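A, B, C, D and E are the chain letters, set down in written order, and residue numbers restart from 1 in every chain.
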Amino acid sequence: MSEQALSTPQTERSPLWYRLDRLRSSFAGSAVLGLLAIAALLGLWEWLATLYNVPLWLVPKPSNFLGRLVSDWQMIGGHAIATSITIVEGFALGVLIAVPLALAIAAIPALERGLYPVIVFLNIMPKTVIGPILIVWFGIGPLVAALIVFLMCFFPILVDAMSGFKAVDKRLFYISRTMGANEWQSFWKFRLPAAMPHIFSGMKIGVVKAVEGVIVAEFIASNRGLGFMVMQASAFMDISLMFAGLVAAAIVALFFNGAMSVAERVLMPWSRAGH
Amino acid sequence: QDHVSVQMNWTADSAHLGFAMAESLGIYDEYDLDVEMIEGRGSAVAAQLVATGQVDLGYADAVAALNVASQGAPIRIISTIWKSGQFGIQSLADSGIEGPQDLIGKRLAVSPGSAMLPLIPVFLRANGIAEGDVEITNSSENAFIGLLTSGQVDAVSQTPENIVVPLAAEGIEANNMYFYTNGVPLASLSLVGREDKLAERPEVFSRFLEATARGWQEAMQDPEAAVEALMEMFPETEHSREALLQAAEYSFASVCPGGEGDIIGYTSAETWDEMYDVMTTAMDLSADRPVADYYTLDYTPETDVLCN
Amino acid sequence: MNQVSMTSALSTGQTSVAGASITAQAITKTYGEGPAAFHALGPIDLDIKPGEFVSLIGPSGCGKSTTLLLASGLEPLSSGTLEVDGKPLTRPLSEVGIVFQDHLLLDFRTALDNVMLQQEIRGLDKAVIRERADMLFDRLGLKGAQKKYPRQLSGGMRQRVSIARALVHDPSMLLMDEPFGALDAITRTQIRHDLEMLWLETRKTVLFITHSIEEAVGLSDRVLVMSTSPGRIIEEIKIDLPRPRPAHLGEYPEFSAYAEKIYSIFAKLGVYKF
Amino acid sequence: MNQVSMTSALSTGQTSVAGASITAQAITKTYGEGPAAFHALGPIDLDIKPGEFVSLIGPSGCGKSTTLLLASGLEPLSSGTLEVDGKPLTRPLSEVGIVFQDHLLLDFRTALDNVMLQQEIRGLDKAVIRERADMLFDRLGLKGAQKKYPRQLSGGMRQRVSIARALVHDPSMLLMDEPFGALDAITRTQIRHDLEMLWLETRKTVLFITHSIEEAVGLSDRVLVMSTSPGRIIEEIKIDLPRPRPAHLGEYPEFSAYAEKIYSIFAKLGVYKF
Amino acid sequence: MTQISMLRRVAEPALWFVGLLVVWEILVRGFAVPTFILPAPSQFLTQMVVDYQRLAQHGWATTQMILIGFVAGAVPGLILAYLIARFRLAEQILYPVVVFIQGLPKITLAPLLLVWFGFSDFPKILLTALITFFPVLVDAVTGFRSIDKRQYYLSRSMGASWWQTFSKFELPTAAPYIFSGFRITVVVAVTVVIVVEWLNSQTGLGYLVLRAMDSSNTPLLFAILFVGSMIGVALSACVTLAERLLLPWKQA
């Protein structure tokens, strides 16, 4: 029967396994391509630096600082972990505060007219200036670093979550209300998933801002972390360690971004289905 | 007139009184020089800008300049204006910190990435203090005054101009303890030039050094006039007259650490050898090149300009 | 296909809670405000008795969907008064099953999850509702569509999922906006019959919006005919036909008489051109 | 309402360019891949002659919309061959007017701008198309809806806007996916008639998808009946009735015979349960 | 009607600001916070009046830099976003590179850029653009991806060219997302420009910040930041206004 012949071959594997498998293969695929692209970028840099014989004190070559990344991996890794922990703390705080606040602002127009400009206003204060004040208030310690990270990543998440909540098709509320959903349910089952694509893009921006923020935070107040290490290196004019630190920070950013993509695929399966 | 551009280490402050005085008294004119002072962002940047050839001279901390030079930048120090180090440790007067030993068991704030960072271990070792005996915390220097006054730290490491002077303005008395006088005998703000540019117009730079030294000499004689000159040359400066005047004392002390008769801007070869020794043994500076590669006395003025 | 009839799938033993009543006086709806305001409906009166099956029929754009939104409390009235079970409606009805004209499925839930939402939100017994959902899926020809996302479904399938969602929790009142619009003729007749059987058994109040004269006459106790926009009710027709009504209504002269009557009202509205 | 008939609004003087032909052999469509693959259609053959009016009728979900997407070149075939005017279809047809099942209006354009998109993209004369658009709006009962955004329109109005969009540029071929689904009975009959008149005048090739047996028989030269999913063509019925065909087809026995035939095919598919 | 809402639009945030400043003033006075830690609003507002000329002049320099940096960041952001959203290969190759570059703490490069290019505008614009383009990029990617794939049926059946598909289908669909990226970027840009000027400039508010910090003049410091924040609020309002004008269907 031609119908039989045409129907797809039956596989033993369950759809769940298949989903995981596809996720893995495509994710690994992108990772490899991405790393190749970055390698190409660094290669170009190395080649140009060698070609024009650029001295170390002006621009280090990738071979200089990548070498440090390898030889000092234990020390750099330790700092990277400290940095990552601060990122997680500050970022989690950012999400936990920005998303509900965005919901409130999106739901209450008066808040958008009044509170939002104030948030914009406060957000503009450069963290390098706010930081020292925070230190004096909260003492030198990991708290201040996490707070600065929070301040950095909070705003993008807020703005995107706001537009996410506002973009939710008003008619979805028709359904939620006729089901008698309470506020919590209508948030959890309607608004949040519907706003999810926006929130995820806010979080993707936020996580990268968090990396930026953590470095600034560690410049300002900390005894460990990549930002601290970079600053130490610059004090000792160790340019190759400095760049190794920068690259390590970028790798941390890549890692968190990758984690974000995985979270997106897992939490928003519908965005991948079909078409 | 010969044009000379000078990349300053920072925005205008008491470290530039001599240059302003030379300009305002017409000394540079007298030496047929057209001097351009460019405000900057740190000694390392100034040294690097010299190395890239964007300016004729740089005004940079000797330690930073040597570090840049040791990485292969073709630059040399031609004159040490601040012959003693600018950095030290500051604490409130009532903290009881008088000498290095008093730091034991105290909290000291340091700014990560700052120029004093490499000096602190040297300072501690020279005074027989183990690194663990002082609790060092890292904090942005902009928080120092707040940290000191709120009692969160006992001491900070900065320049007295940046700590003692502003605290005095708030009516709070504070002490300063220089590294230089406590076992770290390193020169500080110096004039740096690029080898090829130096070779091109040797006599111009020579004149510049002499004029500058005379500027400092005049400044020390009339600090008020020097402050006035500075404020005229850099009208954008935020520093108050009083603050500059107070800071001038520290500045002049650095120019003439040897007191009366000291030669302005001149560090002898022997002293250079000593400094190099400290930097290569205690501070990780690579020793593969002789110290003579890093400085030159060729441009030192014929006639010494002396402190008074 | 599963041979269990929808009726049995839907009545869960508990026999016939009579439905609610809906009474509206001079309600109107104006969308927007200022110069952009658009008077979309009314004034109209409604008087739907408990357990009655009432259809609303009228030209496209006359305000049928708007009427449904007002009656369910989902859109505020612009004027007039509206009572459900004798009490003024202050918030959206929830003891109700609604089929919206554009199905309004949640993109981010599979077909089954869209239906199970009723259970999740109302906190009903999961196993019971799941069983009912499965039966409805079977009955509505949605077998195998459970795990598909709305955008992987055909137009008609989406509509059927939304019908399942409106029925799964066995509501005491049904509001349906052109629920059978995208179904093929056969399924349509089938489901019409199933709905009638269900209604006979449980006597819920039903407000049914349709374009199809056949459907209106085939299902209703009463048909309300609306004028062109802004819609008003221009005719009320009691359908005195025995129930259950046959599949091929066209073959019965009593039916044709009613249909003809509605046709002629529409024709008077000036819709016909040929 | 404007009394100009749609026919005259649509034929811009240029008399009847014969339409294109569509020939398909053993085409199939499978959505997705791997274990998630879903075989949605076929294999089916099509042989639509230039100027022919062919309807596709079948149960919901059988693959009618899919067939339209394949025939227009918008979705790639999974297997089989497809030729339009004798040439293999390598890219989407563009000399065509398509009414999609879910109207696909752009949210961010007003009704009129949605229709004028055809002019903008095809670079047609603005004044001419604008005039045709206005006439179509009148004719389709959309007067006054020009400046409304899709979400401000009723369900039926959205569908009519998408019909206007498919006709405004006077295409040589029409592909219509349940275009009259959300219209009321009267408007539906009216537009059906208008479409027939238009077709008689210009003889474009039309592939018409519908659930309505009445519409299929009332309009087509040929009706293709599809089986349940994955759809295959199980019957081809030539409709030998004079044109233009009357409004109330139900009253004509020739019509009833054809309708009955299709009903019985459907019934054989096992859709009926009562 | 509109007048009332206009009034509200101005009055409501103004009220919030006044409230904020009053609380601030009370706290500073109540806890006797020394000026060099946190000045009271009365202090820096006075400073603002005294220094209005300088603040205006440097504020204008900063505003220009923000606008240039914003454009320099947003345009490449949009282009890259389109490529990333449309072409899987571009996504796989470009996106990691973008995140990588974004993850580099570029502020650290400010002194290096100063060494390479001196005190010119180029490094400032480059840094601002590098730091600001990411939000636009990410939101635009989400926006371009949010288009219902079936809209392509429509565009292709009309024979739309690439440009027509982009300008008439994709761009309007993505526009609300892009604007949300703009809302973020314009605010981030203010901060970035101030920090960049602080590290690498002879003009602008950031440069004034440096001066204020050097002389421990906290009232001036906060006066500068207040001006910077007002610029940010104003630019943010401009984006909102532009969104209203350009995306009328969101209002309807």
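What we mean here is this: contacts are C-beta pairs under 8 Å (C-beta built on N, C-alpha and C of every residue); 3 or more make two chains touch, one makes a residue touch a chain.
Values in this document were obtained by computation on a predicted structure and should not be read as measured data.
Between chain A and chain B, the least number of touching-chain steps is 1. The busiest chain interface, judged by C-beta pairs in contact, is A-E. Mean C-alpha position of chain D lies 49 Å from that of chain E.
Mean C-alpha position of chain B lies 86 Å from that of chain C. Separating the centre of chain B from that of chain E, both taken as means of CA atoms, is a distance of 38 Å. Listed for chain B are residues 44, 48, 52, 142, 146, 150, each touching two or more other chains.
Multi-chain contact residues, meaning those touching two or more other chains, occur in chain A at positions 15, 58, 128-129, 133, 136, 227, 230, 234, 274-275.
Under the contact definition stated at the top, the residues of chain C that touch 2 or more other chains are 102, 152.
Those residues of chain D that touch chain E in the complex are listed here as 69, 72-74, 91-96, 98, 100, 102, 104, 106-109, 117-118, 120-122, 149, 151-152.
Those residues of chain C that touch chain D in the shared complex are 1, 3, 5, 31, 38, 57-61, 64-65, 101-102, 141, 145, 152-157, 160, 177-178, 181-190, 193, 211-213, 247, 250, 263, 266-267, 269-274. Considering their complex, residues 10-11, 13, 38-39, 41-42, 44-45, 48-49, 52, 54, 142, 145-146, 149-150, 162, 166, 169-170, 236-240, 243 of chain B touch chain E. Note for the complex: chain A touches chain C at residues 15, 171-172, 174-181, 185, 189-190, 193-194, 196, 268, 270, 273-275. Across the complex, chain B is touched by residues 34, 36-37, 111, 114-116, 118-119, 199-200, 202, 210-217, 220 of chain E.
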